[in-house]
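Shared between the two complexes below is chain A, which has chain B as its partner in the first and chain C in the second.
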Partner chain A sequence: MSALAANVSALCRPRPAGRNILTLAHRELREATRSKRFILYSVAFAALGLAVSLVSASVGGGSGLAGFGRTTAGLINIVLLVVPLMALSAGAGAIASDRERGMLAYLLAQPVSRLEVLLGKYLGQAGALAASIALGLGSCAVILAWKGAATSPSSVAWLAGLSLALALGMLSLGMLVSVLSRKVSVAVGIAVFLWLALVFISDLGLMAGAVALRLRIEELFALSLLNPLQVFKMWSLHAAEATLDVLGPAGLYATEEYGQRLHLIFGACMLAWIVVPLAAAGAVFSRRSPT
Partner chain B sequence: MIRIEGVTKRFGRAAALDHVSLELQAGDSVALWGANGAGKTTLIRCVLGLLRYEGRIEVGGHDATRHGKAARLLVGYVPQELGFQDDLRVAEAVAFFARLRGITRPDVRGSLAAVGLDPHRGKRVRELSGGMKQRLALAIALLGDPPVLVLDEVTASLDAVGRDEFVALLKQLSGGGRTVLFASHRLEEVSILAGRVAVLDHGRLVRTVSRDEFLAEQRPRLFRSLGREAAGTAEAGCTAPGGPPSFTARSCREASL
Partner chain C sequence: MRHRAHSFLLVVAAAAPAALGQGVEHTPPPTPAIAAATEVGPLGRRLAAARSGDVIEVGPGIYRERLRIGKPVTLVARPGAVLDGGGTTDIVEITAPGVTLRGFTIRNTGINLDRENAGIRVLAPRATIEDNVLEDILFGIDLREAPDSIVRRNTIGGKALDIARRGDGLRLWRSDRTVVEGNVIHNGRDAIVWYSKGVVVRGNVARQSRYGLHLMFSDGVTITDNEFTGNSVGIYLMYSTGVRIEGNRLLRNRGPSGYGIGLKETDQYSVRDNLIAGNRAGVYIDGSPFTDRMPGEFTGNTIACNDAGMIFLPSARGNELTGNNFIDNIDQVTVAGRGSLEANRFWKGDRGNYWSDYTGYDRNGDGIGDFVHESQTLFENLMEREPSLRLFLFSPAQQAVEFVGRALPAVRPEPKFTDEVPLMRPVPITAGGAGTGHATGRLAAGGAGLLALAGIVLAFGRSGVPREGVTS
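Up next is the complex of A and B:
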């Protein structure tokens, strides 16, 4: 008993949060990168990116639509479709699947806090998404360099960075869905619906809203900032040193009104999409039963 | 070591726990006894800080909610069924939970050997039988030699032979002054592991009695359930001359609330 009694005082200092988060992130990264879903999405993303790169490189000429590379334009569209789906479904499964398997309660019965578990899972999934994006866009960059295409490495790097920012925002949203759902099937279903809404309905909604409500151009631009996919699209085009004219009057207004400050505006919007849903997920997770 | 004061837990309007108070000193072994839905598992989840509740729970002086990490560091927990990332190998699983407990150089093989799992350390968790998974959970629970062991109907998913072996292993490893809180509705486990029994009924702590008193009370129920012939066998096993009433594993195996 004396050894156990000594243990009470020896065990009174829990492990620092940062180390627990890294341990949990490592486990989550390993589990995520071994999942069939991750492999499927990564292969699909890389294959589509390679197809766009090969086609655009074979056509020749780096300069295309509105002055930015047609390869970049093609890759932006692929990122807009694949990355949000990948990140939303990864986030949606992160907590709900552990809850369904009974793993979450067991994990939380260990000397870890709920915030550590949430952040560990978030970082692990983020690492897996970063690997997938790097693999997809990296292979595109290799193909483009091999074909001698005019698209610069820095624009691919920018696109990779912005894709990761979009992925992190969607991952946060997915994790919020996950902590609110008891079953992984429900969580993934909601995630797919959100993806559809963000990809398809928002464009149509903005167009319909602009016509029906006679929105002013600044209101239209402000509304488009509410959709992280629109933010990513505008920011990518802006970063590629293209004019936002291609987006219509709202893009023209944004370029003339804000100029280089657009980087700041887009960055703040994307940061909000990363932080706000994750903070909300943390608040919900700290109160909900893990079973 | 564990202090539970006026704990109430509601799910909607229903009270799963209703002003439950219980205190375990260091070295105590207390069985939570009651029918399904009595509140045993809910109380254990409250002690582990998994559920929010009204009242106060302290483990080793640490509030189970506000200082949950520090409280859980003192607790080894074995659930009813191990829900686990089953593509991990057994040794990796032990190493992972050892890291969470802050054990930088865990004696993985020693931990596994203590529960008879060392020969299976290279297997994936999904390849283990139910009994082996419970042994793995016990090995993980004992990492860092925590002074408190919390067990939640740990033999419920095991067959009769597996139950006997696991309870014997628990008896061997849970002693030495460790505080044990366990939920059970098997007299066999109470007979072997408990020092006291806390009887729960519809979320209320009805009474706390010594194991011997409890087993004496339960004897008529056991006899009724086993029938006359089995009762004779149980009688022989239950009353050792000059000693406390106890139940043989065989006679008690069938007896539960």
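Up next is the complex of A and C:
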């Protein structure tokens, strides 16, 4: 707490905006990486990833079949499950917890703009998420290498980068929830609901729609681009295999229709998920009372 | 027959002075002498002077001529002997029975698909084509009505053309009892065996082609110990009877309709001890076996990590699978469209198969699972009905659907097939390892890099307040 006070008093002198953001980000990173939540999620993510890696590395014993295994697909699955939850709840707690503790009013009484506070918190949380992802996937890569699995290094690198992009998008969404909520419990509740919606409900709905409405594959592909989790999944597969044919007719359609332009399409979707909720959060935050 | 007349003309041409050669058909278009192969060059003249049964040794050098071998001789190239087609024509044409061609480098045919420009064309029986290297050719070795021939240890590399403009690396047409052994074929269109009985295809490698091996109307063919990697289709059998496919490696054949092994209206076949991995579909069965004289036999194969292990068309009946490994295919066995697998058997007597998704256990330790293996996952069932749902593979929603399918008997699909005596352990893989390239050093370095990154962020996060903050 004393560190925080010293930290905040550092803001008292007029300084360029970037400095303030960095100081706030540093503070946020400290808090985030010391929280139980961070440790819990990091350990869970790493453990699940390691389990998948070990199982897929042992396919077919020592026959070299592991190279054909679906390590990347298994890791994608884990990322889809854990990273959005991690990032959404991190974002949801970021502003609301300070507000609940009365810290937000204190912070905003310092000569910093609200946007600086928001961005500082965003950066700090993003750093913690990056550490968590790097820790999990890094240990998976080491284990896979040790087990002699022929997973390509570049696909792991892509997976790490895209996981971070997904985390940033979900963090933006979580921050939006956070600036809108008065209480942490409410914010986290909404975040968990959003996680459910993105991970399960939207996909199941789209599946039902595809069957019931007999959606054409181009419509199905376009609709799936609305879900950042699907974008992450398709982008990771595309980066690893250079084709989406494993995803059946819709994947083949996307590969043949767009080819390498898929990178641009997926990138634009992901960027929108990062920028739009964060901008909305900024707009709301600048008008709201800090208490 | 056109070929007979042709070969007669060729014999005459080979014996006649060079000028007479102009009368033979397939005269190459007039092109600059530097690039084009001449009709009769130094090798042609030596051939003309040779007698049947002679062994002609060819020294190193680049021979830019079309070689027409119209008498039973043996041509042996010393290292460095190159036959160059100049990019316009066929190169070697064999019209006499019993010719041997050994050790040449043959390169640079024309690219005329209508004329089927070939590196080596054989139009007579009992040819032996061995240890040649064919590079940059449209068609590689083309046997037409050349029974009892041997094609051995040649390397055949196609032209860097779009697949539709390439020719076949190897083609056997009406060439019974030919042995194709130890060849390497890459970047071709297809390797074809059509209308040829009793052919043996052994120990060859086909890569980056369309059909690794395409068999049609060819009975009694044996296909053993070959490797088919990265083609659109590995082995495709049509309308053939009595084919043995044993000990082959079929890896990563992933065309839009790519299969490791495809069987269309094929009869009395046995598929044994093959390694079938990483293909879009491991085995595809359409209307096979064609009659009920013998069950289609699948034994000892390892079918692993394919998008679909086996695809049966609803018409497929009478296949018997015992002692195979089904490992980590996204769909282990599927029926295309809405059919049933009832007419095929997935166990016999006390011998079933190994299924990596088997969930039972073996209490008495006899190596056979105590519970029946039933394939009935809801998501797989949905994908068969609605293939576009594959888009949701690898997502948690897929697992949710499967969980619902397990939890609620009301929505559980009928089992597609049952294996009453599933194996607890995989059968040994005999077709050699999958031999995938390893980059574990770089992978480890990448992982260490990520860990270091995490360490830096954490260290920074836990470091004290910036100095300037404390002092101010």
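As a convention for this text, the second predicted complex is superposed on the first by the 265 of 291 C-alpha atoms of A that agree within 3 Å, B and C clash if a C-alpha of one lies under 4 Å from a C-alpha of the other, contacts with A are read in each partner's own complex, and residues count from 1 in each chain.
As a working rule, a residue touches a chain if its C-beta (ideal position, glycine included) is under 8 Å from a C-beta of that chain, and two chains touch if they have at least 3 such contacts.
What you see is a predicted model; the values in this text were computed from it and never measured.
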(request) Check the residue A:Pro290 against both partner chains and state whether it touches chain B (first), chain C (second), both, or neither. (result) first
(message) Tell me the contact category for A:Leu29 with respect to chain B and chain C: first, second, both or neither.
(response) second
(request) Look at A:Gly259 in the shared chain and tell me whether it touches chain B only, chain C only, both, or neither; answer first, second, both or neither. (result) neither
(message) Between chain B and chain C, whom does A:Arg70 touch in the aligned arrangement: first, second, both, or neither?
(response) second
(request) Check whether A:Ala105 is in contact with chain B, with chain C, with both or with neither, and answer first, second, both or neither. (result) first
(request) Specify the partner with more touching residues on chain A, choosing between chain B and chain C. (result) C
(request) Classify the contacts of A:Ser113 with the two partner chains as first (chain B alone), second (chain C alone), both, or neither. (result) first
(request) For A:Gly18, decide between first (touching chain B), second (touching chain C), both and neither. (result) neither
(message) Based on the A-chain superposition described above, do chain B and chain C contact any of the same residues on chain A, and if so which?
(response) 3, 7, 12-13, 23, 34
(request) Enumerate the contact residues on chain A facing chain B in the complex. (result) 1-5, 7-8, 11-15, 19-20, 23-24, 27, 31, 34, 101-106, 108-113, 287, 289-291
(request) Using the touch definition up top, name the residues of chain B that touch chain A in the complex. (result) 26-27, 45, 48-52, 60, 62, 68-70, 72-75, 77, 79, 81-85, 87, 96-97, 99-102, 144-147, 176-178
(request) Within their complex, state which residues of chain A touch chain C. (result) 3, 6-7, 9-10, 12-13, 23, 26, 29-30, 32-34, 56, 59-70, 73-74, 76-77, 80-81, 127-128, 130-132, 134-135, 137-146, 148-153, 156-157, 160, 199-200, 203-204, 206-207, 210-211, 215, 217, 220-221, 224, 229-230, 233, 237, 245-252
(request) Could you please specify the touching residues of chain C with respect to chain A in the complex? (result) 251-252, 254, 256, 275, 277-278, 280, 302, 304-305, 307, 325, 327-328, 330, 356, 382-383, 385-397, 399-401, 426, 429, 433-454, 457-458, 460-462, 464-466, 468-470, 472
